[in-house]
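Please find the structures below.
Look at the two complexes coming up: chain A is in both, with chain B in one and chain C in the other.
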Partner chain A sequence: MQERVKAKAIELLESGCRVLGWKAGEFFYDVTPAVFTSREEIERDFVFNPFCGANQSKYLIAESRRGGRVAAFLKPCDTYSFQQLQKEHRILRENVYAVGVQCPGMCDMDALRAAGLRGVTGAEDRGEKLLVHTLRGDREVDRSLALSERCRVCKSKKLLDCDEMIGQQGEELVSTRFTEVERLEAMTPEERFAFWRGELSRCIRCNACRNVCPACSCEKCVFDNPASGAENKAPASSFEENLFHIIRAFHVAGRCTDCGECSRVCPQHIPLHLLNRKFIKDINQLYGPYQAGADLETRPPLVDFQQDDPEPSIVGERGTNP
Partner chain B sequence: MQKIGVFVCWCGSNIAATVDVETVSDALAREPGVVFSTNYQYMCSQAGQDMIQEKIRELGLTGVVICSCSPRMHEATFRRACEKAGLNPYLVEIANIREQCSWIHKDKAVGTEKAIILGRAAIAKVQLNAPLTAGESPVTKRALVIGGGIAGIQTALDIAEAGFPVDIVEKKPTIGGKMTQIDKTFPTLDCAACILTPKMVDAAQNEKINIISYAQVEEVAGFVGNFSVKIRKRARFVDETKCTGCGLCTEKCPQKNVPNEFNQGLDNRRAIYIPFAQAVPKVATIDPNYCTMLKTGKCGVCSKVCTAGAIDYRQQDEIIQQEYGAIVAATGFEPISMEKFDEFAYSQSPDVVTSLEFERLMNAAGPTGGTLLRPSDGKHPHTLVFVQCVGSRCDGGEKGKPYCSKICCMYTAKHAMLTREKYPDTEVYVFYIDVRTPGKNFDEFYRRAVEEYGVHYVKGMVGKVAPENGKLKVQASDLLGGRQLHIDADMVVLAAAIEPDRSARPLATMLTASMDTNDFFTEAHPKLRPVESPTAGVFLSGACQGPKDIPETVAQAGAAAAKVIGLLSRDHLTCNPCVAESNELMCNGCSACEKVCPYGAITYIDKEFRGPNRTTLVRRVAQVNPAVCQGCGACTVACPSGAMDLKGFSNAQIMAEVDAICK
Partner chain C sequence: MQVNQEFRPTIAAFCCNWCSYAGADLAGTNRLQYPADVKIIRIPCSCRLNPLFILRAFQRGADGVILCGCHPGDCHYTTGNYYARRRMTLLFSMLDYLGIERERTRVEWVSAAEGAKFAETMNEFVSTVARLGENRRLEDLRCKSE
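Presenting the complex of A and B:
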């Protein structure tokens, strides 16, 4: 796969595009998005391996406005964000050449550690298997064991709105992604509050979740805007700190495609995607199934009004679990 | 530096009885920016207004906070007063310490504390108020009346009389409404058709009135003075301009078994029909649910017999788009379904009828030609039992309605009286909870039924009606006599409660007009603005606002027309300056605001911005048309980036209020 993608990248570069792809980071598993403008750079740095989890679509907001054309490699879940951002008029589609890359699911270090591997120094794609180099020698593991949580519960392998595809077009999948949300819903409000206080107490307000989130792409973020009265990075209390994530979850509600980038980048391993999934689950229940980014036309349920819309009552009433 | 004046009103004892106004004005005097604080018995009086004006001039106030009744009551009054003293009217804030405080608290200490908090919030808000200037919008001089019953007809006639064009949209094939089905009208017993049908003809012939029958309103956009309405005129499969109303088709149509809604289903009509002889417009309509030609493509009899060539099986629904300055809701009522009242055996015996069915059985144009005959065997009934309040005044409202339907006492007295007059050999019983007959000549009418016509009025409810051997066994209690009654009746007539027409609820949503829990339209003020909806430019006529008899309906219809005429005779309306505004530096151009805007006030432009290092950047940003924006604020909450704000109710002002309350 790496070779096919790399060859396509060179081909597109030579046709006059800048190329948005991935390059190796400090460690083998923190592959980083990068824009390539020369053949040498691509040949030297371009990678496409089982750790290319980063969602490329957000970078297209700026890249599509920079003048000239930009080619981007998008995995199925990236294409949902890509369409959602087009729907919000953030990406200038005509300046983007989108190459859909079919994806067998991306791996992460947490999964490798959970699988009992220690001293991991590298990993190689072996199709269904992953060859893991460790300090104690190589080990081959099933790729499914190394998949990140979001890829285990993958919602769709469908590549949307691509100019061309590498690999086969996929289908929407039946996902179990709401199982964890259901577990939280089954808790008493006190237990749930304690769960989230516990998780969110680790937040160091690095803003990585906000910076990576494709839905969090305002021209001027309220948390950076002195006029908003909410820009201070130092919180008054730890509870106020926690509210940052609640505010962000409301902010992206109805627009979040559930790409899972927030949890991937969190250095404190806070399961932030669960907040968003709860919103998605509620929207599906109240207004019918809706997948943000799945199309370019439909009106998102939270900015639409139908005469037979339910009018969910106070939070307390619904907080008592369906 | 702000110089804010605070004026606390006693409202006589309305506020002063449960709020210590002295403590409130003292406490608010210590708030930042407040330079003057006082209290007075009636702030809205001339003396009160003079005091406010004097203080504005004397102290050069930059903001005024009035702690008084709801802003819906007197905000305009106080704004005008301050404007006269040279203060921009939008630098006035009202703290509602009456409806939201004194009226709902019994404990004076609690009421006082809350009044101080509300006052403090208003002071915090007024600190951030900016002077605003109102613009003007034109008025489309045309009215829309939705519903062509007696209410709608009367409203339309009165508006047309003043010289303004008016459209009536009626969902049935003919105007006239419920009154066309009524036989005689209380308390004078003149025939309903004799007084209604000339009005229907007047409406049809009036050059200013355009009747759009068999049609429904589908979409309403715009605002007072500038509504844009989409009306769907359903295909009647008959060309209205060609049909002469001769009725030949309705005699020849082979499909004879269609329940006739005009006679409440007591007889049948054809698939092509004219509802009744005096229908307006008098044109035939094909019922697509029954027409063989439309269903199977085989028949075409009506087309063959029509000499005018008016039949058109391929007719399509027509969409009419029209602009209006004012809209009148006159959607009327329906009797409730009797299915939840099986104790009265309505579904078991055809001889148990509702009062509206009884009207048809008594009517010369009805299924029996005006002779009272039992529906089951066509025989003359000798014992009749009338049951009042069926579904009205029901506790809890699960089975019926919690309210009094108002008209039943009078029409039941009428039915009883007419039965006894035409058929002196009948025994007539009326079971009632209370007899309610206020109204001019109403009680006299009821007493005549009892005293002159010998109708047996029994206080008590009927418990059960059981059909048995051709009789209806009625079991009832006589509360005054303290005994159980068993009556073998030939007919039982149920005075079914009335409810708003089912089309009213979706219409209210389209009009953004409010409704009560029973789906009756709410008036802007129950006493002082009874024919206006709280939504500007929307008026209420007839039973859609609450149960009403004909005299009341006509009076209200005239009143609604007067309000419409008042509006349409103005050339311009003052706009609300509290409109939305987009901060282009923060706008992402995502279109969320445009999608939620009910008025179409938001558009987008590509605008060039200066970036760092002498670069420029073109971005899509939202723009609000202030003449179209109504200040509803939907966009400000939909905007994900906080770029959209409402003048006079900015996010910062609301947060300042919240902070002041939580302090």
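Presenting the complex of A and C:
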């Protein structure tokens, strides 16, 4: 796969595009998005491996406005964000050449650790398998064991709105991504409170979850506004963090494609996807199924209404387990 | 607020200018009583209520927050309250999901002619929140005791 993607990158560069791709970071697993402008750079630095989790679509907001054309490699989940951002008039589509790359699922270190691997120094793509180098020698593991949480519950392998594809077109999948939300809903309020207190207490307010999110691309963000009461990086009151998490999730409600980037980048391993998915699940249940980014036409649920929408008191009426 | 050992909750009531705010006025002119714990904040339409305002009210010491707007179909701007309804439903559901007592937030549609309903709603809401006591959880969410 790496060779095919790399060859395509060179071809597109020579046809006059800048190329948005990935290059190795400090460690083998922190592969970083990068813009390539020369053949030498691509040959030297371009990587496409099982750790290319980063969603490229956010970078297209700026890149599509920089003049000239930019080529990007998008995984199926990235294409949902890509289309959602077009719907919000953030990406100038005509300046982007989108190459859809079919995806066998991306891996992360959490999964490798959970699979019992220690001292991992590198990993190689072997299709269904992953060849993991460790301090104690090499080990081959099933790729399914190394998959990140979001890839284990992937909602769709469909590549939307691409100019070209590498690999086969895929299908929407039946996903179990709401199972964990349901488990929380079934708890008592006290248990839920204890759960979230445990999770959110770890937040260091680095803002990475906001910065990485394609939906969180407002030019003026409320969290940069000193008057918002939730702006500080070193909060004066514990309230600020709670405001931050609730408002961050609320601001992307109806626009979040569940791409999983926020949870991926959180250095404190806070399961932010459980907040986003709660909104997605509620929207699906209360206002009808909706997948952000799936098309350009459907009105987003929070800028739409029905006269017979349920009243807010439904939250109490349906109980903790709707 | 603790006065004479008896807990009095602080209630922030966001009232739409065109209906509930006038409803509150009517309750006043009709000398219908409702507790002084209710602090009314006038907004131009229920749709003006940014969810952040609710959290901000809690941050500044409210124990309960209520939004009052025109009845669905009667919004001065035609449809504002329909959007507000969706937002509040989702926000309240999220607060519930975080384990915050769900009785601390509420939406009620009160028209300018419903002074009695306004007073009744406030009396009821104040006693519900008084029963729950001080709002601690939203603040404590991040302070792990263990």
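The rule is simple: the second predicted complex is superposed on the first by the 308 of 322 C-alpha atoms of A that agree within 3 Å, B and C clash if a C-alpha of one lies under 4 Å from a C-alpha of the other, contacts with A are read in each partner's own complex, and residues count from 1 in each chain.
Operating definition for what follows: a contact is a pair of C-beta atoms (placed from the backbone, for glycine too) under 8 Å apart; a residue touches a chain by one contact, two chains touch by 3 or more.
Please read all numbers here as calculations on a predicted model, not as lab measurements.
J.: Putting chain B and chain C onto chain A via the overlay, clash or fit?
T.: Superposition result for chain B and chain C: clash.
J.: Which holds for A:303: it touches chain B only (first), chain C only (second), both, or neither?
T.: both
J.: Considering only touches as defined above, state whether A:229 meets chain B (first), chain C (second), both or neither.
T.: A:229 sits against chain B and chain C alike.
J.: Using the touch definition from the top, say if A:194 reaches chain B (first), chain C (second), both or neither.
T.: After superposing on A, A:194 lies in contact with chain C but is clear of chain B.
J.: Examine A:34 and indicate which partner it touches, taking first as chain B and second as chain C; both and neither are also allowed.
T.: neither
J.: Which partner does A:96 reach: the first (chain B), the second (chain C), both, or neither?
T.: Neither partner.
J.: Applying the touch criterion given at the start, work out whether A:112 contacts chain B, chain C, both or neither, answering first, second, both or neither.
T.: Touch partners of A:112: none, neither chain B nor chain C.
J.: Is A:283 touching the first partner chain B, the second partner chain C, both, or neither of them?
T.: second
J.: For A:13, select first, second, both or neither according to whether it touches chain B, chain C, the two together, or no partner.
T.: After superposition on chain A, A:13 lies in contact with neither partner.
J.: Among the partners chain B and chain C, which is in contact with a greater number of residues of chain A?
T.: When the residues of chain A touched by each partner are counted, C comes out ahead.
J.: To test your reading of the overlay: chain C has the stretches 22-30, 94-102 or 130-138, and exactly one clashes with chain B. Name it.
T.: 22-30
J.: Just which bits of chain A does chain B share with chain C as contact spots?
T.: 222, 228-229, 302-305, 307
J.: Name, in rising order, each residue of chain A that touches chain C in their complex.
T.: For chain A paired with chain C, touching residues are 184-185, 189-198, 200-201, 203, 222, 228-230, 237-243, 246-247, 249-250, 253, 275, 278-279, 282-283, 286-287, 301-307, 309-316, 320.
J.: Given the complex with chain B, which residues does chain A contribute to the contact?
T.: 65, 88-90, 217-220, 222, 225, 228-229, 251-252, 255, 299-300, 302-305, 307
J.: Under the definition above, what is the set of chain B residues touching chain A in their complex?
T.: Those in contact with chain A are residues 506, 509, 585-592, 595-596, 604, 617-620, 638, 640-643, 652, 655.
J.: Please output the residues of chain C touching chain A within their complex, sorted ascending.
T.: 51-52, 55-56, 58-59, 72-73, 79, 82-83, 85-103, 105-107, 137-144
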